[in-house]
Structure formats: C-alpha cells, structure tokens
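Below are two complexes that have chain A in common, paired first with chain B and then with chain C.
Right, the complex of A and B next:
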C-alpha cells in the first residue's frame, strides 16, 4: 500500500489545471447526489439552492458554517501532515476521542484555576494525548514497516471503546445516567467570537495553524524534506534524509493536531466529553485533505464546503422533507472521486500526442 | 446450561464475521484490501430483510442480499481498478456514502429514521439434529443452527481447495502477488480483481442478511456494529489462511458472546470489544519482528 495519494504528478501539469482539478470530483459527486435526490422525487437544483442559502445566507449562518468547519480544518490538516510524509494515517478519528477526553478531564478537574492557566493546560493535554496515541503506529511504521493503515484504523475503534468505558465508569459525572463527563469549568471554555453562535476561538487557532502549515511547507527545510520523503522515500533516503525519523515526527504531529481538534471540540462546542463525541470528523478530514490536495488554501476551502453541508443539512430538515443523509452521500462520493483519476483519459491522450 | 448458551451464542456471532472474512480474504489474495466490507454488509442486511418480507422466502432473500452486496462490491472495485483510485480511501468513502444512502432510502421510502420493521419476514430456519441436540456442549456446537452457518463453515475447506487446486484460484493468487507477471502470462489482472471484490461483496451481503433475517428480524442502521472491521481483523490476523482466519472469527465470536453474557457483571463490555483490534496490532508487530529476525540471520 503506497501513500501516493496527494497528486504526486502535479509538477508536470499546467497551473490552471491544478487549480481546477478538485472541481472534477466535486462536480461528479454533486451530479451523483442529484440523481439520488431526483430518484427520491426532489428537485436537485432547489435542494442545492436551499443548502447554499442556509449555509451562507446571513452573517449568523456564515458563523454557524465556520463553526462547523473548525474541526474539519484541523482534522484535514492532521491528515495532510501525515500524508505529506508518506504515512497513510487514517487514525485521526481516534485522536479526536482521546484528545477530547483529555481536554474535558483537565477542564472539569482543575476547577479553581484561572482561565489564563486552565484553558492552555486543557489544550496542551489534548495535544499531548493525541500525539502519544500516534506514537505506537508511528514507531511501528518507521522501525518495523508495519502497515500504518491497519494499525491506525484499529486504533480508532480502540479509542472509541476505551473512552466509552472511561466515561461510563471512572470519569462518569456523578448522578448522571448517560455516558458523559461532568461539564467543564467556565474558565476552560474557549471564548465565543459571535454570541449566540457557537463560533469560538478554536476557529482562530485552526486558521493560525493553517497559516503556519503553509509557511512550513513552502519555506522550511523540514517541510521540503517531508514532501520529498512522501513523494519518493528511496530518493529521499539516498539524499541523506532520515526518512523513518521523519515519519515518526509527522505521525506525532498529525496526532497532536488531531488531539487538538478533539480538545477544541470539547472546550468550544460540547463543554464536556460524551460517548459518540465525534460524528466522524476524522474521516471527513481525510476527504478534506484529499480534496484540498494538501495545500493550506485547499484544506480551508474543502473544510468550508463540508462544514457548510453539515450546517445547512441540519437546518434544511426544518424547511423541507429532504433527508439530511444527502450530506453523507455527498461526502462519501467526494472521497471516492477525489482519489479517482477522472481526467486520466484526457491526460493519457495528451501524453501520447 | 450457561456454557451451552455461551457456545451457541458464540457460533451465532461467528457466522457473519466468518462469511465477510472469507470474502475479504479472497479479495486480499487478489490484491485489494477491502476496507468497505461493512458497507456491503449493510446493503445486504437491508435488501435481505425487504425481500424476505416481500416474498416470504428466505432463499430468495439471501439471493437478493448477495446481489446487493455484490453490486456495492462491483462499484467499489471499478472505482479502484478502472479509475485508479486508492483502495483505502475508496473503502472509507463507500462506508460513508452507503450508510448515507441506506438512511436516505429508509426515510424516503419508509419514512423511518434508522430502523425498519416489516411484517411477515421469512427468517432463516434452524436445523435441529435429533439426539445430538440433547448432548451437552456438542449439541450447542452442532444443533440448532441455520443453513447459512453451515454454509459459512463449509466455505472454509472450499476456500483452501479453491486457492490451492483450482485454475481460477491460482490465477487469482498470481494476480495479487505479481500483476505485471500475470499480465505477461495473458491474464487480465483488473477483471480478476473485480471478480474477487464482487465475491467479497456477495459474502458480506450474506453476512448482513444473516444479521437482519437470521439473528434480529428487523433492520437497524447500526446492525453491523462494525463487524466488517472485525472481519478485516480476522483475515489480517489469520494472514490470509482460511482455517486460521476461521479460527480468529470463532475467537472474536466468543469474545462477542462473552461480552454479552458479562454485561452488568463487573467486566466492562467496552474493554472486551477492543480485544480483536488490539490483537491485530500485536500480531502485525510480532510478524514484523519475526520477519526482521529471519532476515538478520540470513547471510
């Protein structure tokens, strides 16, 4: 299983084609979902117009969309960082669970601390735990060449069950019947940017990280080495790059960002950790990273798209009888088409001409 | 008898995992790691139930479930082999998209959210073996099971024979191990790979139908409970050998039965649930360490 997913041939193609490339999978996915809508007796154009209005129609709606996009920016970034080094990390979902639980635990345990101390402490806990969660698959991949797809996939289920056990037993809120921790202290909450919207400071953290990622990828030696190792590990090794060490570093970084996504979700949105904490943010993050072709702007736009779909999908149910699941269908088909070589016939013809 | 109950439940819980794992095994031998088994199980579970209610016939329902799983398998395979898409991402995409399609279909066609209960569902019959049924333990192992369970276990030696002795089986192994060499011999690697994925879909579809018309009698969006991933764990753990894979499926079946029995008795079900996944990581690590030692010993 090679990890050549982030368009390694992009160097050879003209710039305009590279920019337009992600639109192909989007168009294909929206066309397929339109067929499903049509078959169920809905007018696809009406549904898509309604989705667009609900996602971007007013400042309140835009805030809700940005809020929904926040975890996806982070999970997309976490995935892209690992993909870039050639490590096929599908375990970001698990990092969200362990990171979210770590942040929530700090948030409800150290109630006496002031916000200036408690909030960073909770976020650092999420980052550390998420990062540690990726230590084993990173080491196994780098040192023993154990397939990281399988180990990280398995770790997702382990993380979900393990956290479910913790919030059912040791960390269960006293007097609570459902699987949840106590609410975090007010001092641990990420400040809201536009109350009453749930948009919070976590969005600013995500944007700042995206900016750092762009700088790191294009301007630093480590960013370049990572890209090289992801494109051709043997060539990178021959150029004197320590590829196994790089893979471990990038897996830890990926886990750290995934854990942060969980921490921000806990401290900014949910206010505690509950069983079933993430509705698949980690998996959507894979779609975001692929659709965004690993670039900072691409990740932002793709996360915005999926955030808009999730946000608008939840509200159109009140105004129409279109089932919200159309969003899942779109998301899944975008994932499939994002890695499919839709233009391969076109490219091959040009190459042979 | 409690031990009889646990054994019987373990055999029941093994069947869907075994069916899907044998399908995934063939698929992996053919060169495709199928992450999307769970989505094919889901399709099979839904269509198996609908057809079982419409026709009142369980064999027809099983055919429908197999077809539904096979269609999902074919679509997935074409995306991988013809559009050259990464198999892992396609598998994950199918998991999301098929789960969405199933729920979309349920709410559009039946106006229900996530659960479907239909009248007159034909259930899988139980085969009670006279005299054996009364023997403790042996009765629980052999008697009172449905035809699909028997078929699943019969498929284990058949899979061994297929891979070792038949022309198609050998070709499939060649395609999986060395696609270019297989092509040079005049085989069509893509078509054979598609065939193996359709087979994985058919087996997973049957596994899904086993859950909906064999075990529960209704459909629920969470009916597979991640068993497609347990099946993935089983054939990774069994390292593509049918009997080893079946043994793992049985072991996971026992965990499942044990965890249901132990609920409310102090052993947390959530921790038992993690065991199959932990075991896969441990085995993969052990295999890698052994492989490295073997290489180091070679001159």
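Right, the complex of A and C next:
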C-alpha cells in the first residue's frame, strides 16, 4: 500500500540498483574528464592514479581527504534534511559564514574559559546563529509559500557581506593586513585525531550526526512524517500532519547543521574566521546531498569523493603539470551529472503539488 | 607498496635525489585569487619562472580552491615531497607555516607581507610607504595645475584604503607624507571601504570624493579599487593604481601606479636559495633601493604631466635612496600625528 500512496518509484526498485545508480553519472563524469585530459596532452590513467594516490595512498593522505570531506558531510546533511521535508534550501553556504564567525568570535573572546566550557559554548553559538539564519526563509516558506530557493540564495549574499564587514571592522585582528579575526584560544580548538593532520574531532561529530540522521529517518515518527511531507505535501496534510510546522522545523535544523559546519571549520581547522573561509562548501553540499540520494551512506561517500578531489587536486600539482582547472572540470562534471537528478526531484514535486 | 613506489617514482622524476639542499625543487603556493588574477599571483609567478630559469632549478606552482583550509596540509605535502624551498603567497598561511616549519627544519619557507619568526622561514616585507610617498608627491603637484585636463584648482586629493589596519595605513601615511612634502597646504581625504572585493563601493566612494573637490584618488583596496579607477574614467578625473601597473586599465585616467614588485622578491629569493645564501630566519625588505616598489612608467600620462613635476618626484626618489628622506613606516613606528 505504502508504495502506491507515496507515489514514488524508488521503493519499487531493487536495493542494488538504487545503490549502483549514482555510479553511472560518476563513470560518465570521469570518462568525460579523461577526454579533456587526453586532449590537453595528459595521460588520463596516470592522472587518475596520481589522484588516487594523493587522496588515499597513505594514512596521512587519507586523513587529509577526511579533513577536506568533513565540512562537506555536514553541508550535505544540512541540505538533505531540508530536502527531505520538500524544502530546497540553498542557504547552507550563508549558515557556514555566520556560524563560523559566531564560533570564532566566542573562541577568541572568552579566552579565560576552560576547554570543557569554551568548546561547547562556541559550537552552540554556531548552531544557534546558523539556525536563526534560516528562521525567516522557513517562516516565509511555511506561512506564505514564498519560494525558499530565492530567499535562501539571497540570504547567502547577505551572510557573506555581513561577515566580511564584521571581519574588516569590529572583529578584525589588530595588526592584520587582511580580513581575519584573531586566532581562537587553544581551549576552543577541536582536538586533532591524527596529528599533524588537520583531521579533527569535527569529523567524528559529522559521522555521529550522519548516524543519527539514518536512525531518525528510518526509525522515528518525525522522520517518517518529514519524508511524507517532502514526497507529497497534500497527502501528508490530509493525514493530519502539520506540514508548515514541519517545514519550519526542518529549515531550522538545516540551518543548525549548516552553522555547525561553519563552527567546526573554524574551531577544528582554520582556527579563526578569515577571508576565504568557505570556498563554497554549502553549494558543494547540494551536490553531495543529490549525489548521495539523501541517504546517510550516500552523503558520506559523496562527501568523501569531493573531499578527495579537493585535497588531491591541489597536491597532485607538486608531482605533475595537471592544472587545478582539470580538477575543476572533473568536479564540475560530477556535479552536473549529480544535479541531473534535480530535474527528477522537481518533476516529482510538481506532480505531487 | 605499489602506491609508495608510484610516489617515489614521481618524486625522483622531479630530480630530487640530489644531496645538496639548494638543488631541491621550489614550490610556489598561489593565494586565494588564483593564477590569472592579472595582479599579485601572476606577478609573483612571473618572478618564479624567471628565478627557475636563471638557476636551472625545478619548480611548480600549486593552486587550491580551498587554499585557506588546506594551508597546513599543502605545506606539509610540499615538505614531505622533498621540496627544498616553499614560497607561500597566501596571507592566511602565516600561522600554519610556523606549525609546519618546525617539523621540517631542513626545508626553507618564504612568507610575504608579514613577519614570521622561525629559523627556517624567511619573511618578505615591502617598503610600500616609499613608493606611496612618490605617488603622494606627484598627486599633490598635479592637483593644483588646472592646465591639466580634469584637474580642479583646490589642493585636495584623496585615498581609499580597503580596511583600517596598519598594513594599509602604511601606504596611506607614506602618501600623505609625500603630498605634504610637495605642498604643505594640500588636504588629503582618507576613507576606508571595509571591503577588498567590491568595485561598486569603490565607485560610489570615489564619486563622493570627486563631488567634494577631489581630483586624484589613490586606491589601496584590491578589487574594490577597480571601482576607483572606473569612477576616474567616468568622471574624467584621476586614480592612482596599486600593487601592479594598472595604468592601462583606464588609459589616461590612471595618473600612475604604485607597483609592488612581488616578482622581484620571489626571483631574488630563489636565486639566493640556489646560491646557498637563503636568508633563513631573516626578514628581507624590498623598497625603492631593491627595485621592490616604485611608480609605473606612466605610459599613458607622462605627456600630460609637466616634466618639472616628474623631475621633483625623481629627486625625492634619489633622496629616499640616499637616506636623506626617511619615510614614515606605520608598521614599525606606529601612527604619525597626521594620521591618528
């Protein structure tokens, strides 16, 4: 009965197919990039081997890849949570900026506090600020049916400009020639997991949240209701679910995770808020959520892929003449193929509306 | 095993098996704006290529789309991969470099525009105040000469800084000092855009200055400064460029540019490294004397400016070189009275 009611084909397809499905776009992306590499005079097999070695070739390289994947797991998760309730939140990028600045500000302001107090305080600040950042688009979407794609996208620009202004003015580190806050106190630092790598406890937080997300989505009433509301809002409302409230809750949750992504990035890796804090983790997170099909394992693997590309894409330049643009093309092609799925989601949304 | 073999094969392909430290290859870490920025990175890369060619060393530029977060990972990878000299153009890499440098005592590092104290790190500073002094002097001489197109009789000039910080005020103080030296009655309007990447802000602020009677605006604001130059072009007045030769961006409306020769610094350090006298643990300053800063050739404006002004500027340059004039350095000396 449920498969019919939900109006989705995904339940009818065998599990193995659902797992293998994203591999098609990946293979296509790598094949296309191989052609570009070949045309540019590189041997694609050598380049891919080098990429694999730089991404996973030693424990140190794996740690670097996991470190690069950490913000992407969180932004992918933040996006997926909103997707699930039928809200297409593209404002996670802004949440990273405001959350990151909030955590850094707590981290360099209350320097006297012990780690047991300061670290949670800084993370909570990031979560709260990120969550609040999504309050208005959540309300507008739930109450007035204002398109969240527009509001959250616009909020990104505001977040980026607002943090840029703060970090150039009131929060600027004394004596710094570029836009950066002071370094956070050591007590505010997330512990490193495999020193000297930048891989830190933020990765464990991200993995734990992925686990909770899997449990929540599959085992709890709220998780089921959210999924229902995302698939067919009218049916969910008819079954007595308060859909607008659900959308607000999920937007706040999405913002909270986005803010946390920024907080963890500030406290675990960068150690401050600085110009160039996020190179677009929030946007890559959309691709991560789509490529991962909204499943916990899928999000992890997609984040791992983009993390590996970001990490190895930089360091292969020490050993080859492959410019960063080739990695951009590879990453971009994977995104295009992943986002091809987006059309499918919109078609489904329209069909159910 | 195969993986380790592949890595070591790649490393040896770079010719890094040699025993001498200064024969090991050189890495250039590109900053946020990336190669192709027609500014800081491209200029440094030119110097990098010249340095490699002159010394016969191997070397590679490395770009990352996530250069801020990957600081320590990239610096460590370069050090692990047996690069002997790592030149880092990214400003935010100062702290991570100290952390990495202590783990690789045999590797040499270079950081620009800041001082980082470690036995194997060389810091590079530019005497931007010296070049700015000359720019201020030229602006003050020109601003009252109404025979020049677009110049108003009032002795008012302007400067827009990207942010209120010692690093930027170092330029501004030099500019004001040079202007006052040429004409004690000159008024210098100082403003900050609090943004290095928004030409629209630069455009608006510059237009507002023009309305107050300013006819020449020096920009020390990165991408925001593109708006300053645009405003000068639109209003038929003058901008002064910074960092690279920006005279060609609006030919005839950019009076001159205060060039920071990052290329000279990079090239010099590579040559020093190859020759075995790399300034480990030292701060090297590049000023007028080292050809590290200076005014552009003024290809498009030289014919507009009366020769006597250019001669005065040249004389001031000689006085700075001979030590007769010592231009105020905000970073070392704090703020002067005229710029509190």
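Observations
Convention: the second predicted complex is superposed on the first by the 331 of 353 C-alpha atoms of A that agree within 3 Å, B and C clash if a C-alpha of one lies under 4 Å from a C-alpha of the other, contacts with A are read in each partner's own complex, and residues count from 1 in each chain.
Assume contacts are C-beta pairs under 8 Å (C-beta built on N, C-alpha and C of every residue); 3 or more make two chains touch, one makes a residue touch a chain.
A quick note: this is a predicted structure, and the numbers were derived from the prediction, not measured.
Placing chain B and chain C on a common chain A by superposition gives a clash between them.
Of the two partner chains placed around the shared chain by superposition, chain B is the only one that A:36 touches, whereas chain C remains out of contact. In the superposition on chain A, A:232 makes contact with neither chain B nor chain C.
When the two structures are aligned on the shared chain, A:313 is found in touch with chain C, with no touch to chain B.
By the document's definition of touching, neither partner reaches A:242: not chain B, not chain C. Using the contact criterion defined above for the overlaid structures, shared-chain residue A:196 touches chain C, although it does not reach chain B.
Comparing 171-179, 261-269 or 279-287 from chain B against chain C in the aligned model shows that the clashing stretch is 261-269.
Shared contact residues of chain A, touching chain B in one structure and chain C in the other: 164-165, 168-169, 323, 327-328.
Residues 1, 5, 36, 40-41, 88, 90, 136, 140, 144-147, 149-151, 153-155, 157-158, 161-162, 164-165, 168-169, 280, 283, 286-287, 290, 323, 325-342, 344 of chain A are the ones touching chain B in the complex. Of all residues in chain A, those touching chain C in their complex are 49-50, 53, 57-58, 60, 64, 67-68, 71, 164-165, 168-169, 172, 175-180, 183, 196-198, 265, 269-271, 274-277, 279, 310-311, 313-315, 317-321, 323-324, 327-328. Against chain A, in their complex, chain C makes its touches with residues 3-4, 6-7, 10-11, 13-14, 27, 32, 34, 60-70, 72-74, 76-78, 80-81, 83, 91-92, 95, 99-100, 103, 113-114, 162-168, 194-197.
Of all the residues in chain B, the ones that touch chain A in their complex are 33, 35, 79, 83-90, 92-101, 103-104, 107-108, 226, 229, 232-233, 236, 268, 270-271, 273-274, 277-278, 280-281, 284-285, 288-289, 292.
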